[in-house]
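Right after this note come the structures.
Same chain, two partners: chain A is paired with chain B first, then with chain C.
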Partner chain A sequence: MLESLLEFLIQGLVLGGLYALFAVGLSLIFGVLDVINVAHGEFFAIGGYLAFAAVVLLHLPGAVGVLGAAVGTFLLGLCVYPLLIAPLKRRLGGRPQGPLYLVLTLGLSTFLQSSLLAVAGGDYLRVPPQVSGILDLDVTAVSYQRLLVLGVAAVLLTALFAFLRFHPEGLAVRAVALNPDAAQAMGINLPRIFALTVALGVALAGVGGALMAPLFNVYPAVGFPLTIKAFAITILGGMGNPAGALVASFLVSIAESLSVMVIPSQWQNLIAFAVMVVMLLVRPRGLFGRAVSR
Partner chain B sequence: MLELEGVRGGYGKLEILQLASLRVPDGAIVGVIGPNGAGKSTLLKTAFGYLAPWAGRVALDGREIAGRRPDEIMRLGVGYLPQAGGLFAEMTVHDNLVLGGYTISRGEKRRAIDGIYARFPLFRDRRRQLAGALSGGEQRLLAVARALIVRPRLLLLDEPSAALAPRFIDEVYETLVNLNRGGLAMLIVEQNVEAILAVAHRVFVLDLGRNAFDGTPAELRGSDRIRRLYLGEDR
Partner chain C sequence: MMARAKLGVAGAAAAVLLPVLLPHPFVLTIATQAVIWALLAASWDLLSGYTGQISFGHAGFFALGAYAAAAATKHAGVSPWLGLLLGAAIAAGVGLLTGFPALRLRGHYLALVTLGLAEIIRLVATNWLDLTGGPFGIHDFRSFPGLPAGALAHRQAMYLLVVAIVVGSVAVMYQVCERTSAGKAFRAIREDEVLAETLGVDTTRYKLLAFALSSGFAGLAGGLYAYYVQLVSPVVASAATTSLVIGMAVFGGLGTLWGPVLGALLLYGLYEGLRFVGVVYNLIAVGFVIMVFVIFFPRGLAGFGRSA
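So, the complex of A and B:
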């Protein structure tokens, strides 16, 4: 019993790394722009395709594939605010924009999925692992690839939170999340910060896609189920609160992992959504409320 | 320095400013008073770029600035303090000051913040506290101090005395007068008429988005009609 518990706990922790890479970016974008990015999963898929292109087509090392996914999705993300969100914002003026942003990013999601399908086809593509082998921990065995996901997630998320806490541009991101008008009075260029935030958020998803490509295979809709799960995680952590999303990622992943000890495994994926529904009914602000600020 | 001429503007389709005009000369304190809903705050927001004027001219040093973003106007040497101070309440005192120096180099920022700490030792002692934990008066002073980091030439202040106890109002205005002695021009929107008349070089009365008076505080006090209509005095 104890061995099973440890095994599922470790598997949950590893899965939490992926969830965190994905959900923290989604939450950051919502916290700063008030936009729920339904297309987040497509940037995860693009990260996977970029890794495939680098490693399988160009025969470059796996690390280059991950780096290429980070840079490629970051650059794509830089275009999202000026080309899509800003024009809609200008047209709507001061009117409520939330539902329209949702439709806008849903459109982007469909566009990106269809584009991937048109360019790369619908086949499942396999990317060789960046690291091979399995770590035997007695109670369980974990592939080095999964540990790499957890390790990279830890490094990138630590870097992100340090950036938000200490770097002037990170402070500017937090200031915009708290009070965009006051931030402008500090000389902060809102369109620039919005573009940077989207780019950072989707680049995290892109890296996740590149790292998970050897485990999930790559196909156009690979990220969509993760987007839906990340909604549940961000609601649990508090919409627009990246630190809350980080904690909630591990709560959900560990809960999912441990749940198979008491319920059939086919019910495992329902855990996150059950938590989401209960949280919306009981505490809509989530566990930690909204705060990109601290 | 700052000139608004025949400005019309407002929110959505709601017209608030109807041909409002005013001038802030170099180094002067200019006050704007008027009843609630007269368009005082709208005037400041239009001058600072939060709202684009529908018509008229907004110029800084003779250069048209209408249509520019607030961050662009700020970089021209204009500071803006909204009614509640505009602090980032959930960030520390120090981080608020660091953000105040967002547009200047790291070295300049460090020197400017050291200068603020020397001038307001309270903020050095409480640098790691959240700005929202300061008292109302301290928050207002921190907002002023933060705006000074980039050495603006003109400060736009929206009701600096709002919701403050009398002793804090005196402290805030004393600080503003000292800054003005150093050459900093100010455009101050106020509900507290006595406070602004005591320090302003020129006063504008705004009513229903139009100029109802333009003159010195002494001239305003000498006008029975204005005192009766806008200051609620019968004499």
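So, the complex of A and C:
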């Protein structure tokens, strides 16, 4: 009993690294732009496909695949604000029209997912792991690939939070999140910060996709379930609070892996939904969020 | 207004005449399904177009209605007429239950929760083998009694039946949205929720009312789909269904009801037509239509009519 508890805890911890890569980016984008990116999972899938293209089609080393996924999704992400969000914002003028942004990113999600299907087909593509081998921990064994995901997540998220804390550009991102008008008055170039934030957020998902490709395989809808889980995580951590999302990622992943001891594994996806509903009922601001108006 | 009303009557008459003018099984199949989609798109519009609360779970409510109707008829021998009502009632009930935690708050929580809900409904449909038949779904259950037996005559009668139910349902929705104080409350919530509340509108109650009506009519559309197609499988609850229905509503014009109906009829035709080009292109087109219309033509096709 204790052994299996420990085993599931470790597996949950490792999965949490992936959730954090994914959900922190989503939460950052929401915090700065007030836009929920429904297409976040598609950037995860694109990261996986870029890794597949680099490693399997071009026979490049695994690390290049991950780097390619990061750069590729970053560049795609740079286009999202100027091409989609800014034109809608211009048309709406000053009016906050949250619902339309949701519909817009849903359209982007459908468009990207079915484009991937058209270009790459619906097959499950296999990508060789960037690192091979298994770490034997006595109670459980963890593949080095999974540890790599956790390690890269730790490094990237530390870098992200350091960037937001110390780098002038990162300070500008936080200033815009707090008060866009005041930030603009201080000479911050809003469109630039918005574009950069989306690109950073989706690039984190893209790296996650490249690293998870050897574990999940790659197919067009691979990122979609993650989007739903990330919604639960952002509600749990507090909407638009990246640090809260980081903590919440591990809470949800550990809860999911422990749930296997109680409910059959095919019902595991219920956990994220239950977390969402319970949090909205009990503490809608999330564990660390700003107060929510009722 | 008069011109538009005349146009509407003419359109409705043309729609009813279609099976007489083109009594071809393929045309009838496409037309009947398009009319069912029109009801689903209108139900989404009642919620999202009128109150501004976005549901990403309409695939789930549609599936819920379809499964409830099909399972009741297959396992308990329930009459299809009752099955339709049962499907609508269950969808509305589930809508109320899941809407409550999200709708008492301001913000976009409904979208997040309903996206999760649709996925849960798909999960249950896939895994609850005894009731839902798992991945293969429910088939071999009877449809409406008393329709003519001949293949073509049956399809024609079915088409007219579906048109009658859908026209009736959309008329009820139109009454609620345009002729009652509830409709005014819906629009007040969409324009400015805080202001609506200040003016004494019980926003939570009206949002819940809109959501229950919306999910109920989505369930009714699901029931019609089940009795028409005679097969309900978990694919119905997939996210593509939600994208398609939102695409139809955005294409036609949010917050008008007749716009989404028109959008559904046209986009479903396009959607099926693109199958001949390649199965994957139809959803690319739907995604593209959503993005372009939201950004550049937010009033949809309905808006073109208004400015002309």
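Observations on the structure shown:
To be clear about the criterion, the second predicted complex is superposed on the first by the 289 of 294 C-alpha atoms of A that agree within 3 Å, B and C clash if a C-alpha of one lies under 4 Å from a C-alpha of the other, contacts with A are read in each partner's own complex, and residues count from 1 in each chain.
Note that in this section contacts are C-beta pairs under 8 Å (C-beta built on N, C-alpha and C of every residue); 3 or more make two chains touch, one makes a residue touch a chain.
Worth saying up front: this structure is predicted, and the values here are computed from it rather than measured.
Aligning the two structures on chain A places chain B and chain C next to each other without any clash. When the two structures are aligned on the shared chain, A:266 is found in touch with chain C, with no touch to chain B. In the superposed model, A:112 makes contact with chain C only, not with chain B. In the superposition on chain A, A:190 contacts chain B only, with no contact to chain C.
When the shared chain is aligned, no partner comes close enough to touch A:64: not chain B, not chain C. Once the two complexes are overlaid on the shared chain, A:120 sits clear of chain B and of chain C alike.
Touch criterion not met for A:56: it reaches neither chain B nor chain C. In the superposed model, A:181 makes contact with chain B only, not with chain C.
Within the superposed three-chain arrangement, the count of touched residues of chain A is higher for C, of the candidates chain B and chain C. In this overlay, which is a superposition and not a single complex, chain B and chain C have their closest Cα atoms 14 Å apart.
Residues 293-294 of chain A lie in contact with chain B in one complex and with chain C in the other.
On chain A, the positions that touch chain C within their shared complex are 36, 38, 84, 87-88, 91, 98-100, 102-104, 106-115, 117-118, 221, 224-225, 227-228, 231-232, 235, 239, 266-267, 269-270, 272-273, 276-277, 280-281, 284, 292-294.
Per the touch definition, chain A reaches chain B in the complex via residues 93-94, 168, 171-172, 174-175, 178-179, 181-190, 291, 293-294. Looking at the complex, you find that chain C touches chain A at residues 48, 52-54, 56, 98, 101-102, 104-109, 111-113, 115-117, 119-120, 123, 127, 239-240, 242-243, 246-247, 250, 278, 280-281, 283-284, 286-291, 294-296, 298. Note for the complex: chain B touches chain A at residues 11-12, 48, 50, 69-71, 74-75, 79-82, 86-91, 95, 98-100, 102-103, 147, 150.
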